[in-house]
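As written, the chain order gives the labels A, B, C and D, with residue 1 at the start of each chain.
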Amino acid sequence: MKRIGILTGGGDAPGLNAVIRAAVKTAINQFGCEVVGIRNGYDGFLEKDGIIPLGVEAVRGILPRGGTILGAANRGNPYARKVIRDGQEVTIDVSDEIVKGIREQKLDALLVLGGDGTLHIAHELARKGVPVIGVPKTIDNDIGGTEITFGFDTALNIATEALDRLHTTAESHHRAMVVELMGRDAGFIALNAGVSGGADVILIPEIPFKFESIMKKIRERADKGRKFSLLAVSEGAKPMGGGQVYSRKGDEVYVPRLGGIGQVVAEYIEDQGFESRVTVLGHVQRGGTPTAFDRWLATRYGAAAVRLAARGGFDRMVALASGEITDIELAKAVAVPKRVNPEGDAVITARNIGISFGDE
Amino acid sequence: MKRIGILTGGGDAPGLNAVIRAAVKTAINQFGCEVVGIRNGYDGFLEKDGIIPLGVEAVRGILPRGGTILGAANRGNPYARKVIRDGQEVTIDVSDEIVKGIREQKLDALLVLGGDGTLHIAHELARKGVPVIGVPKTIDNDIGGTEITFGFDTALNIATEALDRLHTTAESHHRAMVVELMGRDAGFIALNAGVSGGADVILIPEIPFKFESIMKKIRERADKGRKFSLLAVSEGAKPMGGGQVYSRKGDEVYVPRLGGIGQVVAEYIEDQGFESRVTVLGHVQRGGTPTAFDRWLATRYGAAAVRLAARGGFDRMVALASGEITDIELAKAVAVPKRVNPEGDAVITARNIGISFGDE
Amino acid sequence: MKRIGILTGGGDAPGLNAVIRAAVKTAINQFGCEVVGIRNGYDGFLEKDGIIPLGVEAVRGILPRGGTILGAANRGNPYARKVIRDGQEVTIDVSDEIVKGIREQKLDALLVLGGDGTLHIAHELARKGVPVIGVPKTIDNDIGGTEITFGFDTALNIATEALDRLHTTAESHHRAMVVELMGRDAGFIALNAGVSGGADVILIPEIPFKFESIMKKIRERADKGRKFSLLAVSEGAKPMGGGQVYSRKGDEVYVPRLGGIGQVVAEYIEDQGFESRVTVLGHVQRGGTPTAFDRWLATRYGAAAVRLAARGGFDRMVALASGEITDIELAKAVAVPKRVNPEGDAVITARNIGISFGDE
Amino acid sequence: MKRIGILTGGGDAPGLNAVIRAAVKTAINQFGCEVVGIRNGYDGFLEKDGIIPLGVEAVRGILPRGGTILGAANRGNPYARKVIRDGQEVTIDVSDEIVKGIREQKLDALLVLGGDGTLHIAHELARKGVPVIGVPKTIDNDIGGTEITFGFDTALNIATEALDRLHTTAESHHRAMVVELMGRDAGFIALNAGVSGGADVILIPEIPFKFESIMKKIRERADKGRKFSLLAVSEGAKPMGGGQVYSRKGDEVYVPRLGGIGQVVAEYIEDQGFESRVTVLGHVQRGGTPTAFDRWLATRYGAAAVRLAARGGFDRMVALASGEITDIELAKAVAVPKRVNPEGDAVITARNIGISFGDE
């Protein structure tokens, strides 16, 4: 193994730089390899200046930093790239050019740090003969085949701290505080942060909710003298029945393009005569310095990915199982995305301690 | 001085409990006074169970806690209280009842912890003979007569941390990140946090902005290879000319009831073809554990307020001047609210380092 | 199941209150049980006022708080209690009195939250017929039978933040910064925080070190222009050969009673002509608000312990396996304490990225 | 004004990089100046590669970072430099060489960021004709002529958080927790953090203490059922009478070279039969990301220093007065170092709320 490439794809997750650093150090110290970084996801293979050398100097000081020093793809899936040709938007497949670009780089291994989408592409490339190693990355924790991914713990701590802060002010002011959290398809952030931050209601994509159930919980609490409530809402939370969201005065409610269901829930509560405030944490959850756990996991993934490459374990992904680093087939990892189990121990625990999922 | 009352009014500010604790300890240790707390602002004087004894036990452990153990008023100004009489909402003045309630308590001093509104009322009560001492409280830093108030420093740190986190993810993704911060009339939080968090654009109520100026700045940066921008926006930021906010496709733009100008700015940027994301921090800025500075200032205010009461300095407010505790007439303190000086050193510094206020 | 008791034993771990809260809420909401708290560990059964009722009110607001509302034992092992009789210190066994105290309480289950020592005693009590359920607690992560315990993640974040802060100042000043961390017998905190905080040298009890190896690493770095080094040292780190620690000018070095090996290592480095500074974090690592993960795990443990009690699973301990809550026999859990595996993936990763364990 | 130099001297203070960034941006954006950085304090003028260009790129991303990108002096005072000549250590004056180095750089202004010592030298250089502008820097807050300096607020928050964490664990365990804080000559950190963190005893250099007074306070608390105490101790705290520190069993007590008085106090308390633990925060207080306030103040200092240079205000220092940026003569600023006023409002407040300074 003489030359390794690293690329990062998809949205940010705190810990990406820690993976890069560990991979570079392991490749150089342990295997005497050369390492290059591919900038802006797979597109770096198509771009001038898209490939940069990654020596020990390049990764100095990046362990505690959020984001990725390699930049993220901004042009979408290479298998279905939207481009303008003759004044018309058409969808083309640039994957062969990328494979060509990879071949020109004469890489003995390509570490791909990404979420579901990026890892799917990695597996496709592996089928075309690219020596790919996957490293799972998602703050939503929605990747199969691994117990947990880096970025998730950081997101949870940020969300939990926000809930803590809302708690004290909700208490003195008799309000329903709604905080909208990340999680388009998987509700892990809202579920875990909701439990850790003492939420009274948790709304997640996996458990459709009823608007009336929310108010029922808020009123039950008020009747017991608890005049405030705290709601942790996944951006992907959906009302039962779907379709129409919540009808106000006979009309469809406006859903802000850049806000979302959190705002709708807060407005609904206000319409029921209960004071409400909303916080939309947004990308604050994806940025900044990673927690100790995320750095630790990311570092172990980075070093393990290089060791796996050295063993020739291509078309596989490093993973965490029972707290230990292992690896599984990429195909298996991306086969089924992870979701909150509505019957699982975590949801049961939340219900045990009196949290409503808005479904009763 | 034998018996002191303490009440908190208006919105939360981290440090309220620290003031209460210091006042109680000083009154008991130093002056051998009895202390009572008035619950839910001035209304506690009208309510059964509205007055509670505050001994050393009652204030144990509250120093680091956000919110207020006394609760906040939820029924509005006693001079203009909205009530339902004969099925109609009418506005009545209940201040005489409150004065009566105060007299019945035989208080030698009443410490009033509050913002502009609450302190105005305190001054009115003083004119009716209530021995009032004011303690300034506002996370917006908009109270005159004092250099700074507690709560503001905590809000700044929360806002700055959010900007830090957005920074790293904006960098890797080529986006305009908008964060909407508190400040309906005064832009101190957005100004200071914007400078401390490395914002590129700061929009505050005191400096009306032009939508095109925002895009100009974003484009200038993109032209220099800085493909992301960070915007700190006061909830009270206003476009020049006011009135209509921003017209999209010939229509008035929808302004979310519980979101606000931050969302509008983000949607505008997206409409200009530049990817954008919005964070609405909301009440996260008002809650949770106070910073070291806010606890320190709050503790000094609490002790100084009791010492001022012992000296008979009624109808006055404790204040910070040149880093030292002093006191001024309540009437002066509430005469002119504090605003960001658009010509002042802070704004000049921000402009010096290249920050746009959207007004060029 | 009608009546449950809860006690906490041994040193603090952030999350104890979260376990208590979840157990109380689950017992009341789900099983309609009465819950009592036993104060000051097992001794509460012997003390007047040692048993207190734990209703929903009692656990309100304790989720984010460090410490334990039940207090910790301060009088040592009931099987080997040191007491003064006739002016002489003698060791007696008070366990029968405790069993008697437990019987008088007519508990259907006794949840014991504790570390190795406390859980050993719990198992002994179970053999005497007490319906005990164990909940593992240790910031050192040294309890067998579970992947992880609450408190550890919080300790890691505190230690990592300290390393981050030392990093920046070490860099500008050309110094060896030593930080002494908890871990008398197990080096997990120093190992994980060392990796997460970018340490250059990690000293842990499981891998005896040589003083010269430390200087070798520091000098190697200086030769490459890295004039500073960061050392994460377990309080239980031991030099190879043991016995004598480090001889200065022919004399035994003074080991501070309340400081420890971190100080000795720093003084050694200074004696070698290299500037050094020491930080002893001490109990800062055991206190304060738990991280999101620790609250989450603690809450799941608390609820699961009550469910286990309802199923009659006595003499067992709740545990985490593959990220899921399970339970194992107490006897097995306490049979072999957990230690860092010097040949394991974590140590290999640390070595891969260039960290020295002082053993080369 | 065409060319400005910037140097940092003395120990680290969070915010140094924020000053550098603001100065560089202001000089370039506002005055079209060239900026150079001098590495390793004044010594950079003597060293090959000691002068580096500082463009906008060089200061990108440094706002939130601790330490200083320019490095700190490691060779001591240029007026009294210790060197080895003919095998003997001699003290020489290299200041003329430094002045020569400065002249060669043809600087129109030299911004000196430093504490007492560094600013003294700056004033001496100004007397030799160097166009010096001082920027006060000290985490100890011991510089005269300015209300506050950057770095102090960060140190306070770190110290206060440590006290918070110790508080919860002290409470459950009946111990005296001692935390040793920075402050060799000035006790501001221990005083402010002690008040903000709820300490029971504060020991500072300005108020000599008696060992027996400490135990008196601890015992008084224990008598009231408060079985724990928290002590915030400046590293420069001194027992009354000075000289000998504390005699144990007739002998002088050993004072650890790299630990200090905090350890001695903790050992004393243990010798009195009261369990004690010690935390030595050390350089953790000087490093890492600055608080919002420190970034804000540092940014304002940096921009103001350049504006002052443009006005030709040499031999002066930027300062904070009544919350506004101003400037004063360097000579005045360094004439009298700032100390805690034992009769001042802050100490009185601390006593009011029951804190002991160990002097009763």
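Here is the rule we go by: contacts are C-beta pairs under 8 Å (C-beta built on N, C-alpha and C of every residue); 3 or more make two chains touch, one makes a residue touch a chain.
Just so it is clear, the structure is predicted and the values come from calculations on it, not from any experiment.
Chain B is reached from chain A by a rotation of 180°, derived from superposing Cα atoms (nearest 5). Distance between chain A and chain C, defined via averaged C-alpha coordinates, is recorded as 31 Å. Inter-chain spacing, taken between the CA centroids of chain B and chain C, is 41 Å. Annotation for chain A: residues 164 touch two or more other chains. Taken chain by chain, the contacts form a single closed ring in which each chain touches exactly two others. Every pair of chains in contact is given here: A-B, A-C, B-D, C-D.
Every residue of chain D that touches chain B in the complex is listed here, in rising order: 21-22, 25-26, 29-30, 63-64, 147-148, 153, 156-157, 159-160, 164, 192-193, 195-198, 289, 291-293, 295-296, 299-300, 303-304, 306-307, 321-325, 345-346, 348-349, 352-354. Within the complex, the chain A residues that touch chain B are 8, 11-12, 65-68, 70-72, 74, 158, 161-162, 164-174, 177, 179, 254, 256-259, 263, 266-267, 270, 276-288.
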